[in-house]
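My questions will all concern the structure given below.
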């Protein structure tokens, strides 16, 4: 049982807003990108990954995004549709923007990723793409912070949150902060704070949590009690749950009623670092909607993250509920450090 | 023997100006891009292809271009360097531009190509990248018309031609007209005419030749005598040779002294349509520099084009001189239609 | 007496954020701009006008703005300084932006105004121009809505309000909605709603109040009880006072404790329509800071507005306190219609 | 008699391409702009000034330009029309561009000029605004170099010259180089050289002539024999006359047949420095069209320049033919220094 203010009688579990794109993963492992001979094609992008995570677990996911009107855009939409995700709010753009594309090495850590995001289609999302009725059908609106990085996607995202507020749709903000997407750190910090104050759940790693400080003067590796003090003002607003991911160190979850939950991780052999956070977020929300208590939701999230990074893509690596529970039955979490 | 005004005592045969990028070719043939599972990585881009064609035949090629400062940019430069091409005028850009990228189906005709050219690195070529001394070392400056499509590459290209004029470097213009690169057809037509008037050789297919008309009122499929009248004014300036490629129909070559040379093509089983023109241009210039007569140069060019399209990339499909001559010994051209 | 949550022990009465520019008023009255032979030079721009209004009444005003680094920019800053306004937060911009310029006919109504606001200096205000310490010294931060219309001024304005919130500086939002400044009505509506929710006082005319509706579906001429219902949600947040100006019809003031105050106007012979709202806002804030009750503040504001439009500029037409009280002693308000 | 290749049987004497705008001159002389109380309104802009000069002398002038669709734009067009200038190729722009505006002190030298040219209407001139038929009706196309400084005006200007070439309209290039209009000096130099090579007459002062050097390494104050060597290549193309203005020092005129004509100036009491060059160019072309010998044309031009700077605007200060001849009868030129 959790007591989050999620409205349950709605047809969409999670409506994910933000990018959906193509990942080209090196076919050869542990090889520099200059030497890679070929790449395998997958769907990717954080909000798309989260939607797939939800769908694999049996949840009803939908996505609000923009892709280019070409073969790669059609591929993304076809794939999401095949996963059972509602794609009616995905627009094909013919203005010259291009579907987000990531070309990556396949290395456990520090693999190079070449991103093609100049005039990215997803950042062409506009206020006209945001429908109040659609948002009103969702239990949760999942917002990827990167969608705030540029206009007109910024305004579309702000509007989606205004709408969510007006129809009691629960807002989950995945900070998803990538400095290269933003004009400046201070601009990122400004918009993140405005949106975080309107969100019911905030999820991020330690680096991302720092962006919520106007002066970005936080120590990167804050201790739990300092973090708690830093995040407290959000709980005076609408925030109900804030989760801080600390990679190998495990995660911290702060709640409106003042609790601080700590958990370790599941240790696995890592193929690539991507996808862990998205598997976590999708699985967490799946549990929250099912009414599971927060600790169980986080534990499931960390298990899904571990499964994901041990496989060789993001979307295709998302576990089903059976796989997830089976994995958790066979493995134990490390201790929180 | 040809009597073109090429200066021979120079260390670079052809200095190619324009894009050098990455081609990702579908690993599966005759498959829609939405269904393709993986892609093979090659270097591509018309001027890069032409430089490779020259180098494979034993010529000394150099390239003026810009790539992004990442793994794909390094790959392009490493590959060109390995082919023996002078890459000292290739700049790594760290402004956020990206190496030109083409993701293509592998089909004989009408395969879909998804281009990533928003803020393309090659179009960031600037006047500061153009060195008079470098141009003065080249027998030929090969200009790809696409380099004129946007600033600052437009001004860099215009300056390279001003420099070439001042040091008697022979200018070959490959029209390479791609409507999507340009703000408008009339803007393309304007700059193409300005540059064509300053070029010693002009190469293009029938559609491209049309762009030289201010009013774009030409019939697409002009007859030779109409073409001759249309092109005549260029011969009153510095033009010495104009070649019009008519695909399966063969090619027409007009000369300053009023000749019109007609040739057929070599018939092969086509894997993909790309690369034919670049193989033609590189092989043609190789012959011109060797002092071969124009008809022989064109015949070799058409043979190289045929070899290229029968293989499964652009750069790697460029024939060596031995392969070229062996192919020509075993095959015959069709008649000009 | 009023019970607004203004912090009184601070050195600046009102810190005005937004444009400060030049007005060139036709020297000949009732003449079309094509026929006007010469123009008189004044300082103008809504926040500058408000600052001057405050200063003339004896208040301590400051201004945050950007002007161009040329004779007109120097003129604006010199003038404001001479009025006793703190100009330390006015930046001279040398990037090519230009001081806001309005060239106007001198007609009682519907005079043509030609605005030069392409790359306007004031809209170059950036987050770096916003100092927390400065805002902490002010009793009131007066924000002109036009400062939200474009980046980077938009982000600077949002940041100034974040800062004001963090140091309990009272925020007065003058809607100042001018459709031509904005990319779209829906974008204006979005940002106006975000900022209005963070403001303690909101001032606007009926048309401007409409921009607070997402769907802009309000009747332009709403009745008081409808207006009250529409504005109610703001009072559930931080709003304490909302004033709706109805031109000749008088004004409505809604308060957090549920009152609706209605007042008429002072009738005068009008020379030009500009400046009324700014005189009103400056005089209102002067009274609020003095602790006068809201009805008196509004009555003084309407008197100052009347005095302003009967004279032939905006800034130079702002009354002193003596002039204001003398005018009110000699004249009576019309009834609210 | 002059032997320039001007086609005489045409209805328009000079078609002037470039800006037409508003000048606001300080009503008080020798006063800093911060202190000026009012400004007088005039039409200005180099090509407009030149057209007015022609018209005042009895010539048939036309203008190709863009103004904003507001009172100032209408004023410019009305005024030019009243001067008898053909204004059918002046477009009213409603895209948000603004009529070029100069606000100036009235000082003999070094008066400050504040220019409002952000998104200037005249630089919105586009290829669609250029009509071959119109150019074919003109004896001379007068091109102001500033029209080359930005797209789309740049392409419109290049096209006008292409058209002029195709219908034997004589091209006069007034260099009118203003560094602030250009992205860089090297970009200016590139386009100026391209256009200068296509011009029959080139007019500029010493600073402007320097822009024709790729390396801008010229000494500012070149001696006549060095200038002659520098300019010689243009005479190998289509240039017939190149005039270098040296302010108080007088002017040098080089001709295709190798002559170098030197003249002094007329000394007058100067009110403001603007307008001299435009009076010179308009009067020179008036003489050239009348078939007067080049020396007489230049002498008349220098007289018109002197008359202009002794009066208090640009356009209104242009002399009639009677005034011009009377002035020349009463005054003598200084010697060339």
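For clarity, chains are labelled A, B, C and D in written order, and residue numbers in each chain start from 1.
Keep in mind that, in the parts below, a residue touches a chain if its C-beta (ideal position, glycine included) is under 8 Å from a C-beta of that chain, and two chains touch if they have at least 3 such contacts.
Remember, predicted model here, so these are calculated numbers, not experimental data.
Both chain A and chain C derive from one sequence, and where they touch, over half of the residue numbers involved are common to the two copies.
When every chain is reduced to the mean of its CA atoms, the largest separation from chain A belongs to D. Rounded to whole angstrom, the centroid-to-centroid distance between chain A and chain C, based on C-alpha atoms, equals 42 Å. Between the CA-based centres of chain B and chain C the separation comes to 61 Å, rounded to the whole angstrom.
Residue positions of chain A in touch with at least two other chains are not found. Viewed as a contact network, the protein chains form a single closed ring in which every chain touches exactly two others.
Applying the touch definition to every pair of chains gives A-B, A-C, B-D, C-D.
Of all residues in chain B, only 24, 27, 32-34, 36-41, 68, 70-72, 74-75, 78, 96-98, 101, 103, 105, 112, 114, 116, 118-119 touch chain A in the complex they form. The touching residues of chain B, when paired with chain D in their complex, are 127, 151, 155, 158-159, 162, 184, 186-187, 190, 193-194, 214.
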